[in-house]
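The following block contains the structure, expressed as structure tokens.
Labels A, B, C and D are assigned to the chains in the order they are written; within every chain, residues are numbered from 1.
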Amino acid sequence: MAGKIKVGIVGLGRLGRQHAENIASRIPNCELTAICSVVESEINEFQEKWGIPYSYANYDEMLTNKELDAIFIASPSGYHCEQIIKALHAGFHVFSEKPLGLYLEEVEEVKKAVEAHSDKVFMVGFMRRYDRSYAAAKQKIDNGDIGEPILIRCYGLDPASQMDNFLKFAKANYSGGLFLDMSIHDFDLARWYMGSEAQEVWAIGGGYARSEFDELQDAETGAAMVRFANNAMGIFVAGRNSAHGYHIETEIIGTKGSIRIGTVPERNQVVIFNETGAVKECFDGFIERFEQAYLSEVEEFINCILEERKPTVTVQDGVESTKLGYACKKSFETRQLIHVQTESLMTN
Amino acid sequence: MAGKIKVGIVGLGRLGRQHAENIASRIPNCELTAICSVVESEINEFQEKWGIPYSYANYDEMLTNKELDAIFIASPSGYHCEQIIKALHAGFHVFSEKPLGLYLEEVEEVKKAVEAHSDKVFMVGFMRRYDRSYAAAKQKIDNGDIGEPILIRCYGLDPASQMDNFLKFAKANYSGGLFLDMSIHDFDLARWYMGSEAQEVWAIGGGYARSEFDELQDAETGAAMVRFANNAMGIFVAGRNSAHGYHIETEIIGTKGSIRIGTVPERNQVVIFNETGAVKECFDGFIERFEQAYLSEVEEFINCILEERKPTVTVQDGVESTKLGYACKKSFETRQLIHVQTESLMTN
Amino acid sequence: MAGKIKVGIVGLGRLGRQHAENIASRIPNCELTAICSVVESEINEFQEKWGIPYSYANYDEMLTNKELDAIFIASPSGYHCEQIIKALHAGFHVFSEKPLGLYLEEVEEVKKAVEAHSDKVFMVGFMRRYDRSYAAAKQKIDNGDIGEPILIRCYGLDPASQMDNFLKFAKANYSGGLFLDMSIHDFDLARWYMGSEAQEVWAIGGGYARSEFDELQDAETGAAMVRFANNAMGIFVAGRNSAHGYHIETEIIGTKGSIRIGTVPERNQVVIFNETGAVKECFDGFIERFEQAYLSEVEEFINCILEERKPTVTVQDGVESTKLGYACKKSFETRQLIHVQTESLMTN
Amino acid sequence: MAGKIKVGIVGLGRLGRQHAENIASRIPNCELTAICSVVESEINEFQEKWGIPYSYANYDEMLTNKELDAIFIASPSGYHCEQIIKALHAGFHVFSEKPLGLYLEEVEEVKKAVEAHSDKVFMVGFMRRYDRSYAAAKQKIDNGDIGEPILIRCYGLDPASQMDNFLKFAKANYSGGLFLDMSIHDFDLARWYMGSEAQEVWAIGGGYARSEFDELQDAETGAAMVRFANNAMGIFVAGRNSAHGYHIETEIIGTKGSIRIGTVPERNQVVIFNETGAVKECFDGFIERFEQAYLSEVEEFINCILEERKPTVTVQDGVESTKLGYACKKSFETRQLIHVQTESLMTN
């Protein structure tokens, strides 16, 4: 190993900040060398706390910094595609948050760019694969502990406390809709665990608690059922109105047993017994739930660069997950059973 | 109250026996007055143990017994329709195990017969409604504890240990297929909790562990997704290959909270800690799981007769659940999204 | 079997009522032939509901009824000793609720009476042994699943909602104190599971939430630690102030594993998810928790009479549990480590 | 803040390594500047991986390094007392693993040294206070959520897989015995949560699975019951033979509710369902269980130095916990109820 990997990051919102802090302080073989944000207060806050060598308001400018080895993209989703491609072209290793793009066309472009720069490490932030519980489940499946996987059920529910924020955002921005925005991690997990691609999907849902979702042609809570190419089954529930908190749950049923991850999203090992009964408090959000995974995925990215190997999560994983997300979107909007084919899901 | 209700039962298989024993010994205001079975050894066994006044090999003959007040039907499913109708015409109160018939036409005939004998108490054995956990959940929902129900998820998984028995049966008999045979209780629960009828359904599945299911055009494990008339969502998983035992689980998500029943089908309050970890043993079958419900539903039936009122579970509940079952069957067989309409589901 | 066992019961309080209803309606081979209570309204209520052949305000009178086969004693604890002895002398089989007597001397007298009537079935209401979870644990231990038992921990906590009632009672009556009154079932379980007798005990506690307990020289919540003759360990926590409900929990640690029963006293299989988290409601009292055990123990008693055999729970079990209770009482009062010897625990 | 805190560590065993890695790579405002070990391979391994500026085989030599700000002591327990005192005298901030010394006399000496260097930050490694679950419980108690704490129950069980290693160690070294070695974290927690000091204790136990413990006059598994000065109760179970893994569990019962931490020591959020039932795998050791706490306590130590404040965990906490440990030891050895007084517990 020759020194530390020098990283520049774009986007210092909630998740960008988490990445930035991890890079700056919790991963030994890298350095947070540059930060980029259009929000000046974010830049100032980071400079004050960490004393980062370089800071930028302009992304293109950061890409001209030849000290950097790798770019982290944690900007709003609408910028991902362009920023990924530019960073690759500029010769950097790239880590991008999901999604790779807002439209399937964008995602396909990213794929081409990644393939055109196959000497670079590219990684999409499917952090769940690096969560210890999800990784342990994967290992059990690969060991054959549950036989052949035949059904996966994934829940991805955001806390109700965030619903207003989301609605405000969604009224001003294209979010991709419930399934693309919320279930994409689940789609990736499903493909990873089941080892097969989605072939058909039916998605339903509604604006049950808040009619604004209907006006946005989006769902507050929705469900999708998938038939995979190997005839396995997938069930996906996504929502933005979970009373008890952030609820990520996954179940894989196999021919010889089954596995559940996160059945009760208990935030810690405490149970309180009071007049209401035995109470387990739940996670309040994704950073609390996946703190370890957010760290581990970045460690893996950095190690891949240092050890000149590729992460097991690939750009193709980003493409296929997006494709399934678009199929859900189309099914939800058309009320039809949809065949998941790239061509038919392109927006124009 | 004027004396005890005198009951005749037809069918002394696993569930018939449970009913017969409950009627004979655990419910105060009724008597097991007659038993009917073509299996002589079953008759002998019961006579020896309980000394029942009358026993029959022929069902029609039992119906001529004017001492009886009510008939319990626990014979094979293929006989239900005919036996229900005959018993009603003969002037008896009738309790029948599910299903009301093997075909939707049969079920509609039963409905007509029940309506034609509106002075009689008729009850279909949807015992889960009388299970304390399910009843408590219903009360919470009716209290508004979870707001408006928007999604129900039901699992009904038979233990793998019974799969061979089922296959032997299904090769020689028409079982109705996975969804009609296994999910009908779940369909009833879904309608009960959601207060709406299924409108569209897509069902998938396969013979994952045993190809004999494919040959029978049936599924060993399957999943169905439903859109209800009120736009609520339903997810149903049924299977015959549960490694850990009999797994009945239900979840109702509402706009203000959610409820789960039976997440882990633990058979008792014991946890054993050993080299493998912390282990909860699971139910081995429906009688162990629903013992209390099987007793309570019969108590309710008897009380309805004595108090001259009708049970809350009606023949219409049997009809609608069957209809949904047939819609799942049709969807599974045709691979299409199916609209749940009586006409289109009739067999000819 | 020659006919049904005819039972007379004394005491129709909360538990007496449960027994009476079970005998009258849920156990096939016995009849509730006589009831005895000084509370006229209880007699009337039962007569109205069940039409019992005989009713008495006077216990001695009931014992002259030669139709009866067995006497159930569910009167206040202060009467148990005398009523047991009288019933045995009058030639009846006897089932008595715990305790066998309020004082160790009484219990020893009961033992002598039982031994003098060895042709009669005598059973003390240690119903927990007949609870399915406790019975399953016993079987696992006997199977050697956890190796040699080396530590037992028992919790017996009454709901706080009953604390006022208890205080009112205890101010007017001798309750025996916390350990004798509350832990006696746990002492029986401990002896049953550990297969050894208590040798030394230290008991502490206090009137933490309510100083009235201190005035009564009793504890609202207390703990006792026991060394058994085989050097195994026992931990007993008893209390009358459980916020979440009725909490009966037992753990047995063995050399190769351990078993827990009732870790969370969840009243049913429902979990509710709401703003506070994932909530399991808890049992509200002993009848709800041990409903099945109360039925099964009586079935066993009746079957013992019919099959001319003795129950596995013996009068000696009642004696030894009481002895341990008195040792705890003495330790709590004297603040000393106490050797459990019959002589030293006699009250005079 | 002026730069990073430079740390030297002595001891690179299992826990020392964990600390060293945390200091070297996961805590931003400190540096691992020196390592000290008599095991050359450990030094080499660290040098190769981290390139530490200084390494020593001799502790006294490390203390002469004027670049260092703080010393971490993770050497065998027998060295703690001397090394702490030397480091304080040499002018360093000191973090020491528990125990502060093997004998109460040593611990008292450490206390004097710490008090004599009140300008230095001194911290003992009671990491559990920094575990999120334990910290959340503390906060709930301080909020009054469970009323006044009246009973604490603590389990500290090492996995059976480590028992041979321990026996080998204990035959050659003075371990302090079960309660001092294993329960000291629990004693600290008890004091922290209950806000009172132990006054009386009775401890029992034995070499149940392995008679070598008896030969060592030590217990393989033991239990201690404590009466605190405020009359609250404490129950402590410690053991070295836990079949299912590393089991740290704590319960605090209050006058208005109770809290449990770690009831099932599940290592992650995975449940596997197979023929044996629903299985949760358990932690394999203290580093897996307390990984986050080991990091957080060091962060706190470093922050205390930087912010010129003292940690809430004090040398007095180390003294009192040791005192209680010695009282347990004496009670176990003498079979007597012991009053916890410093004088009576001194070894000579």
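Please note the rule applied: a residue touches a chain if its C-beta (ideal position, glycine included) is under 8 Å from a C-beta of that chain, and two chains touch if they have at least 3 such contacts.
In UniProt terms the chains read A, B, C, D = Myo-inositol 2-dehydrogenase.
Note that this is a predicted model, so its numbers are computed, not measured.
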item	value
Shortest chain-hopping distance from chain B out to chain C	1
Interface residue overlap between copies chain C and chain D, same or different (over half shared)	same
Degree value of the rotation bringing chain A onto chain D, based on Cα positions, nearest 5	180
Greatest separation from chain C - chain, by CA centre	A
Where chain A and chain D are represented by their mean Cα positions, the distance between them in whole Å	38
Separation of chain C from chain D, taking each centre as the mean of its C-alpha atoms, in whole Å	42
Chain centre separation in whole Å, for chain C relative to chain A (CA means)	57
Residue list for chain B, restricted to those that touch at least two other chains	146, 243-244, 256-258, 263-264, 271, 273-275, 281
Chain C contact footprint on chain D (complex, rising order)	146-148, 150-151, 153, 202, 204-206, 208-209, 221-225, 227, 231-233, 235, 237, 239, 241, 243-244, 253, 255-258, 263-264, 336-337
Residues of chain D touching chain B in the complex	242-245, 247, 264-266, 271, 273-282
Residues of chain B touching chain C in the complex	24-28, 50, 132-133, 136-137, 140, 145-146, 256-263, 268-275, 281
